[in-house]
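In what follows, a single structure is set out as structure tokens and then discussed.
Chains: A, B and C, in written order; residue numbering restarts at 1 for each.
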């Protein structure tokens, strides 16, 4: 069974001609489609980016709204049917109970009070692609103060973890994208220059890469991240952190680009283009780039999870994004101590998307890398 | 040239089948090959790339790699003590290991890639000696030096401690031969031994092989795609096409009177100094079919210029001709209509 | 060979110099000088500091002079062994760091050993028995090892051990040895505590190296020299171990050199989760509190030690590769 999952197959011979005429990207895609795990991963990654896009729509409660009453509420399932079997989605309400020893008011779930759920119902206001709206996938019909749909429970400050997770997904995934874009730019630029000019420039860039690779990255990230002024806005910190991460992450991409570039330069079709008098620019963009585009795509999809881990780690340590920003790392920061974990294990919920996305990106990257050598 | 000695062959391959199981289907890389190898004589196995020459060699040594598998036939080796021939395909893995390197040596196409770059050549030659002849490290080294001297490596006692990457291509191939002969095997399989070398070195290596054959009475299976090498070295020839031996016989017969259309085409495509200047070198029409698309009937029929009729397209020609010169072609037997 | 060594050494020194600049940047980058933050800190506590006192303090730390003078002064002091004062702890940085730097190295090195001893045999097995059940299992475990960031793994193990075994798995020492001077018993206690964090730290690197080893070995297994070895009559085991494994070991070994900085990095973050007495928690606290000399010193020390570790593994690599030994003469 696993064999079929991981197996790769060559295209059937009836397509021999199509195969011979196809571009590199088409070949890669055909071959990639046969890699089932990678296809599933592609679907998961796509799903996550859809979530990132519709984060607020999927959220049920304002992710920043705190409420002392709802502190550490355990995950609440959505009940779809009433006791009599009629369809009526609802959650249980909350009630205050006085602790018999401390006399403090604590809030617990009250199964006797049902709060109905509406779909495509109004909730907190947000903007979707610039359009202000209040529509959410689901919301409570007549909530009393403190009521909420706590699918994944709440944190210490009574914020709904599901809603925070949705918004965090957007932040963490886009940091990965922006970071990879910067790394890709640096990697292609420096890797390309290194291969194209050779000599002293090449040596210099290669030594720089070696130096960066031989440095322990986390202490350096931490040091640089700690130097960001405390009074910077969430957006400023977001972009600074992204830049800090990509500054040390472009080296692998540069190595891939340089390696492919050098290998391709020896290929006969490039020599043929040179002899035919094509300009350097034309050779690079018309002949060489299409041949290693799929390799770059594969390298990018392997660099993305590393970016996401970096951001998550930095934020987890309290030196990356800072509250009120919400990211997976910030959510996990709440789960840092065993005391809070023992009290509210659902704080670890953010671990699931982290692992899932990184796994999916790795399988995707692997599938792409295998597919990038369609004739191999 | 020596006339065929009709004595017992030292190695006799009978109806060998080796196939590779791929997801698209099974590739019959070797599909019923038969030939004999005699002491002191060279059998040249010739054919275009992909015809199953190398797989035949590996099948004999029992080192076909997965997903390949020998699926049928016999490989009979006459033991050194004159006993009854042993079928190598029926030997246990342990017993087969005692044949490899000890009874049958292998020389390979790429002298660079055929050595590990991490051990000295002395180490790599001595390994088989210690394994098969039971010598200790010191004695194995001594023998390695003797072998290097025998194959004409200068300063053998210094070279023995060098690494393969420190040698030239020609020297490496000499070392390869020394390694293949380290345990005095009676059969030597040389798989394209000179393809990767320049012409002068080629001639030297072929001279060396001939010299060693005369000295030791070696039976050599020489695998090549080069008809020139065959003409120079071989006593007998097996011409292979798509996993089959289409014509086997003494080299003189094959060169003087080739019978199979494929053999004729191969011989026509050799450049010679006698050819008319600036004339086109004849080539064989078409290319070898993909192994998955093996043609029906005679596998050569789509390229054959002497095709008779539909029988070529539908039936496989049987082996025919005299004992010493076998041909698989309807022109020479098995045709239902008029026989040429 | 000598040129190779010298080149590596020069590159190492260059890296150290770069790291020292970065460490100094970390000291300099926070807005305002740290006397300001120190005074602000005191003021928040209700105490007041006069301008004279503040200036005396600035002079003590060489502030107000041009950057390169400050860097020069700092580097000279560092080379002389004076890493400065920790603002927060009000003790010399060297004293605050103490054993922690060695425990960091010990943990990273232990993780390196774990990585080697797991990745090598598993990688070989997966390649030789490609597409076997065990190969798929290792591949899957490997992917999980890559996908779970090690701090998350530490968290999950911490929680699982606490929840289901009622155990606290953090720390490198039992409570009674934590502050005790070094004795034989304390070493034994450390040896008892070390494997789990080392394993957690090693997992993702191990997973990557298994993949590298497997891929390299699969490549090597297809090379002609393997056929040569088989044709000699060597047993399959001997053939594989002597030839292709030996060749696959080389890229594997050069990856080890890059693994060390990676492990040192990882040790910082898992130390915080598992409460290990390494420089990790110290560094993060120093950076958050802008205790710049302590933070800078830790970054510098980690960087320098990593460069030394990488240099040593380069030397080992050169020693095991005959081509490097002979061709670079």
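Annotations
Convention: a residue touches a chain if its C-beta (ideal position, glycine included) is under 8 Å from a C-beta of that chain, and two chains touch if they have at least 3 such contacts.
Since the model is a prediction, treat every value here as computed from it, not as a measurement.
Using the average of C-alpha coordinates as each chain's centre, B ends up farthest from subunit C. When C-beta pairs in contact are tallied for every pair of chains, the largest tally goes to A-C. Centroid to centroid, with C-alpha atoms defining each point, subunit B and subunit C lie 55 Å apart. Averaging Cα coordinates per chain places subunit A and subunit C 26 Å apart. Shown for subunit A are the residues in touch with two or more other chains, of which there are none. Across the assembly, subunit C contributes no residue in contact with two or more other chains.
Taken together, the subunit A residues at the contact with subunit C in this complex read 2-3, 6, 207, 210-211, 213-220, 222-227, 229, 305, 309, 312-313, 316-319, 332, 335-336, 338, 341-342, 345, 348, 351, 354-355, 358-359, 362-363. Against subunit C, the residues of subunit B that register as touching in their complex are 58, 61, 63, 65, 97-102, 105-106, 108-110, 113-119, 127-128, 131-132, 163, 165-166, 176, 179-180. Interface residues of subunit C, counted against subunit B in their complex, comprise 222-225, 227-235, 242-243, 246-247, 321-323, 326-327.
Residue ranges of subunit C in contact with subunit A, taken from their complex: 11-12, 14-15, 18-19, 22-23, 25-26, 29-31, 131, 133, 136, 139, 143-144, 146-149, 151-152, 155-156, 158-159, 162-163, 168, 170, 257-258, 261-262, 264-266, 268-269, 272-273, 283-284, 287-288, 290, 295-296, 298-299, 302-303, 306-307, 310.
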